[in-house]
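Notes for the one structure printed next.
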Amino acid sequence: MRAEPGEPLRARARVLENRREGPSHLRLRLAVPGFGGFSPGQFAMLSPGPLTPSRDPLLPRPMAIYRCEGEGAPDPVVEILYKVHGRGTAALAAAREGEVLGLVGPLGRGFPLPAEGEGAILVGGGTGIASLLELARRAAARGPVEVLLGARAESELMGLGDFEALDLALHVATEDGSRGRRGRVTALLPDALARAPGAAVYACGPTPMMRVAAERAAAAGRPVRASLENPMACGFGVCLGCAAPLRGGGFALVCRDGPVFDAAAVDWDRMA
Amino acid sequence: MSSPPDLAVDLGGIALRNPVLTASGTFGYGTELAPWIDLRRIGGIVSKSLTLRPRHGNLPRRIAETPAGMLNAIGLENVGVDAFLEEKLPALPDGVPVIASLFGTEIGEYRAVAERLSECDRVAGLEINASCPHVKAGGIEFGQDPGHLARLVREVRRATRLPLLVKLSPNVTDIARMAQVCEGEGADAIALINTLQALDVDVETRRPVLRNVLGGLSGPAIRPVALRMVFQAARAVSIPVCGIGGIETGEDAVKFLLCGATAVQVGTANYLDPAAALRVVEGIAEYCRRAGVASVRELVGGIELPAG
Amino acid sequence: MSSPPDLAVDLGGIALRNPVLTASGTFGYGTELAPWIDLRRIGGIVSKSLTLRPRHGNLPRRIAETPAGMLNAIGLENVGVDAFLEEKLPALPDGVPVIASLFGTEIGEYRAVAERLSECDRVAGLEINASCPHVKAGGIEFGQDPGHLARLVREVRRATRLPLLVKLSPNVTDIARMAQVCEGEGADAIALINTLQALDVDVETRRPVLRNVLGGLSGPAIRPVALRMVFQAARAVSIPVCGIGGIETGEDAVKFLLCGATAVQVGTANYLDPAAALRVVEGIAEYCRRAGVASVRELVGGIELPAG
Amino acid sequence: MRAEPGEPLRARARVLENRREGPSHLRLRLAVPGFGGFSPGQFAMLSPGPLTPSRDPLLPRPMAIYRCEGEGAPDPVVEILYKVHGRGTAALAAAREGEVLGLVGPLGRGFPLPAEGEGAILVGGGTGIASLLELARRAAARGPVEVLLGARAESELMGLGDFEALDLALHVATEDGSRGRRGRVTALLPDALARAPGAAVYACGPTPMMRVAAERAAAAGRPVRASLENPMACGFGVCLGCAAPLRGGGFALVCRDGPVFDAAAVDWDRMA
């Protein structure tokens, strides 16, 4: 079975590698036969644990697709960068080489790429960084890219080396000052906005971070595409659990209509 | 036993090619899962509960995980009966039985939704959601009080000639009595259980995990309660019973059949695996082959009770 | 916050050094776990439910595992009130509050057991088991019918001056009403929940897994239901509430306190770890330290509900 | 902490080895600091799975203590021989070297050893074999021992090599005839009873096997000590879940009063 690019699979994903990269984050490499590629910002639902039916945890976990090697080849490799947070990610961290995980994806709608020649500013905090690598790579093919990354400490900056390997401007903020500017990543935004007046702005990270990023950009008259991380049960639009309140009233489904939204459309006051 | 087992059942006048439906609120309007599951291979679909007008539902957080289960308080977000009939239903492949679930904040709304749905011959049957524990007006009283439930079923029965299922709330003292009330008012089948009313708290914020405070518990955790209630309801009525609650595998479904269910619905398991309902169908067939059962109907109510 | 948190609570007249008791039927008569747990470090012990004469209980199979839970139908096997008073109670270390749980197949038996227990000043309080779902005579009606429950509590109240807890069945439509009934009849505290009535089936033999057919579901699976019921009961009465259901950790216990419980009982978790109750005590203390809570009593009912 | 011999611990047991030895059985070697030894026939409750609190499966599983090396030493090794049956034993089989399991034990009362100079006949079937090795070893120090072992096939005879290494008479039956006599192990019993008229008889295995063994021995006027394998929740006498019906009426607790019983006292008709 071979999926069209972006067509979602229900696959048995074999763990090729599941390596600790920082005090609390790991890199997971999965063999996903038939995986047909993804758009930056799309995600997959991962079911950790070797037992079927799975029960602890019961629900799969949403994870951004970090990158994919050999898209379209018979045995593409999907990479996930994740932080151990609670029960589900702890179970994921216990998966060994050769084990099989459940994977449904790619899901959702990714980031609209900048237009040809347009620049881009990417703001990533915490686990949100994992949604941005592929976006950075593709955006860099279209125009100048500035990437702003933040975390508590240098050791928690997921995927830093992969961003460094790309040909783009990288700015870092850490709360403890162990790398780059001390403070929050959103503090780097005003300068970047000033430096790149025509660039499209993208953000992914904790809700408060995205909200602040959206407000700062809006103050400069610039829209932001934000990728939300709401809790999810299904990932494909049937549980209605991931709803994000919209400014005009009503809700959008993060898994189906997003995870990427125009930040101005989201009613941040009523987010959980 | 070389011929494949006969899986067909009749659920209160709805002919199903096999006894596995998808539960309301866990399968959208049927089209969402088309990338992963051939809808013509499952017994049928129960729609998200429909109201007269579209509903937005509750503020987040709407879902949470619990041991072997999940909590939800979606707040009955749905597209409304009109959009269902005009947009959702036509998008489904022919030959897939669709049961429309309906909900109202008062009996008049239930009636009106039932009437609208009955005009469409693509609808195979109706399922009254008498049991939503997290909408403050409506649901909870209908499903928990025998008198209200009787009035509700009576009124909807008058409004439709379609096969009529009533989905019961498990949050009651005497489930057998509620089933009898429905049978007495002319329901064609009973479906149970809906979610158990429940609550979880975040000890860091000291707030309920769900914005709605209370939610409904579903998933494998509730399966033993669901089996008990199906067992009790099936012995109390002579109309068919549709079993729901924590079904993940063919063997889980067989347990419900043995307890007296004619068919089952798969709910939360769809979230874990979009092909879960199909796996349940295959699991039932495999069980029948292994156990030498020619027709799945032989299993219905086949539990053997110890003497004495 | 350098001084250790104050964990003491008063449960309807029973002074407890901390709010963690062990639940009836899950800790024997207290002595069995002495190799692993210092009984003087937990809040107290609730005995296995006692009847007037020794009871043998049900034939096997009596227990089974379910997703994040277990089913049991022990059948109230117990040594009887006399052996409890003469053999079991004296074997417990001083200073450990012992609440005696009592059960009867009719109200007269409850009264008689309560009278016998009240003669002994080593008994700190009584807990009426009004809620055993698997004894066919007795329990189920008392716990599920408000009128029966009122009579039961009234009669036992007359028979004792000891602090009187009533342990409620969760298998009811309106738990708040049942709590109010108990308060109205002079109970000093409410304990809840007992097990959810449930069933499991063996698809190979087609028999119920438990010989008794029905059993009671306990363990983490039921915790969200227990939290909801404690929340509802605590808001309905002004006597203290003791929360029970799936508690494994200090944080689980804190959830119950926030929902309005003054104390908690640890049940099934004792089987997984004979020192579970002690771990819960330590976990509560740790939570208080971390959250800057000087007295555990500050947490009781401290859940913050969203506005509107 | 160091337990007296036989005093039950609540321990964190570290997996030293968990090796497949047959198509469905494994040998688990655990480092259990402070383990003070055991009597043959005693068991432990094992909690599989790395997550705490454990949930899938919820309950610990009873397992006979197969043997113990370095009893009384600071870091004794407890060995368990087990068959993968359902969810719990599958989780146990997934435990890797270095993982920590919960262990409560030793529990129950073991086999009364034969008197000095008295012979012994041991009948083991299926997983019941694991309860008998240490008994065989100790009984062999007191008198002549005959061990009768049975399983479906040779490959399912747990611990066969360990029994062969002891100096005793070993007789085997397999249902498929792949080793020893074709048929059930109980068919070997009449001859053994005839050969060793004074020997004490011990049995451990599936309920029907023990029942037949007890009946055959009783027909020859010989009592049998049988070790029962009832489902258990706690293992230490508080759940009352493991009750075995007694012939005179009433019940005994397998975990506390047993698992070893005089077979004549058990009401086999009313066993589950």
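As written, the chain order gives the labels A, B, C and D, with residue 1 at the start of each chain.
In this section, a contact is a pair of C-beta atoms (placed from the backbone, for glycine too) under 8 Å apart; a residue touches a chain by one contact, two chains touch by 3 or more.
Not measured: the values here are computed from a predicted model.
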Chain pair with more C-beta contacts, C-D versus A-C: C-D
Of all other chains, the one whose Cα centre sits farthest from subunit A: D
Intercentroid distance (Cα basis), subunit C paired with subunit B, Å: 33
Between subunit C and subunit A, distance of the C-alpha-averaged centres to the nearest whole Å: 46
Between subunit C and subunit D, centroid-to-centroid distance (C-alpha), Å: 35
Chain centre separation (subunit A, subunit D; CA means) in Å: 52
Where subunit A touches two or more other chains at once, by residue number: 55-56
Set of subunit B residues in contact with two or more other chains: 67-69, 211, 219-220
Graph class of chain-chain contacts, one of line, ring, star, complete, other: complete
Residues on subunit D engaged by subunit A in the complex (per definition of touch): 50-51, 55-56, 87, 90-91, 94, 96
Residues of subunit C touching subunit D in the complex: 25-28, 32-33, 35-36, 48, 56-57, 59-65, 67-70, 72, 74, 77, 211, 219-220, 248-249, 268-275
Interface residues, subunit D side, partner subunit C - complex: 7-8, 10, 47, 53-60, 88, 102, 104, 230-245, 249-251, 256, 270-272
Partner subunit B, residues of subunit D touching it in the complex: 55-56
Residue ranges of subunit C in contact with subunit B within the complex: 66-69, 71, 144, 171-174, 196-201, 203, 205-208, 211, 213-215, 217, 219-225, 227-228, 231, 246, 251, 254-255, 258-259, 287, 302-306
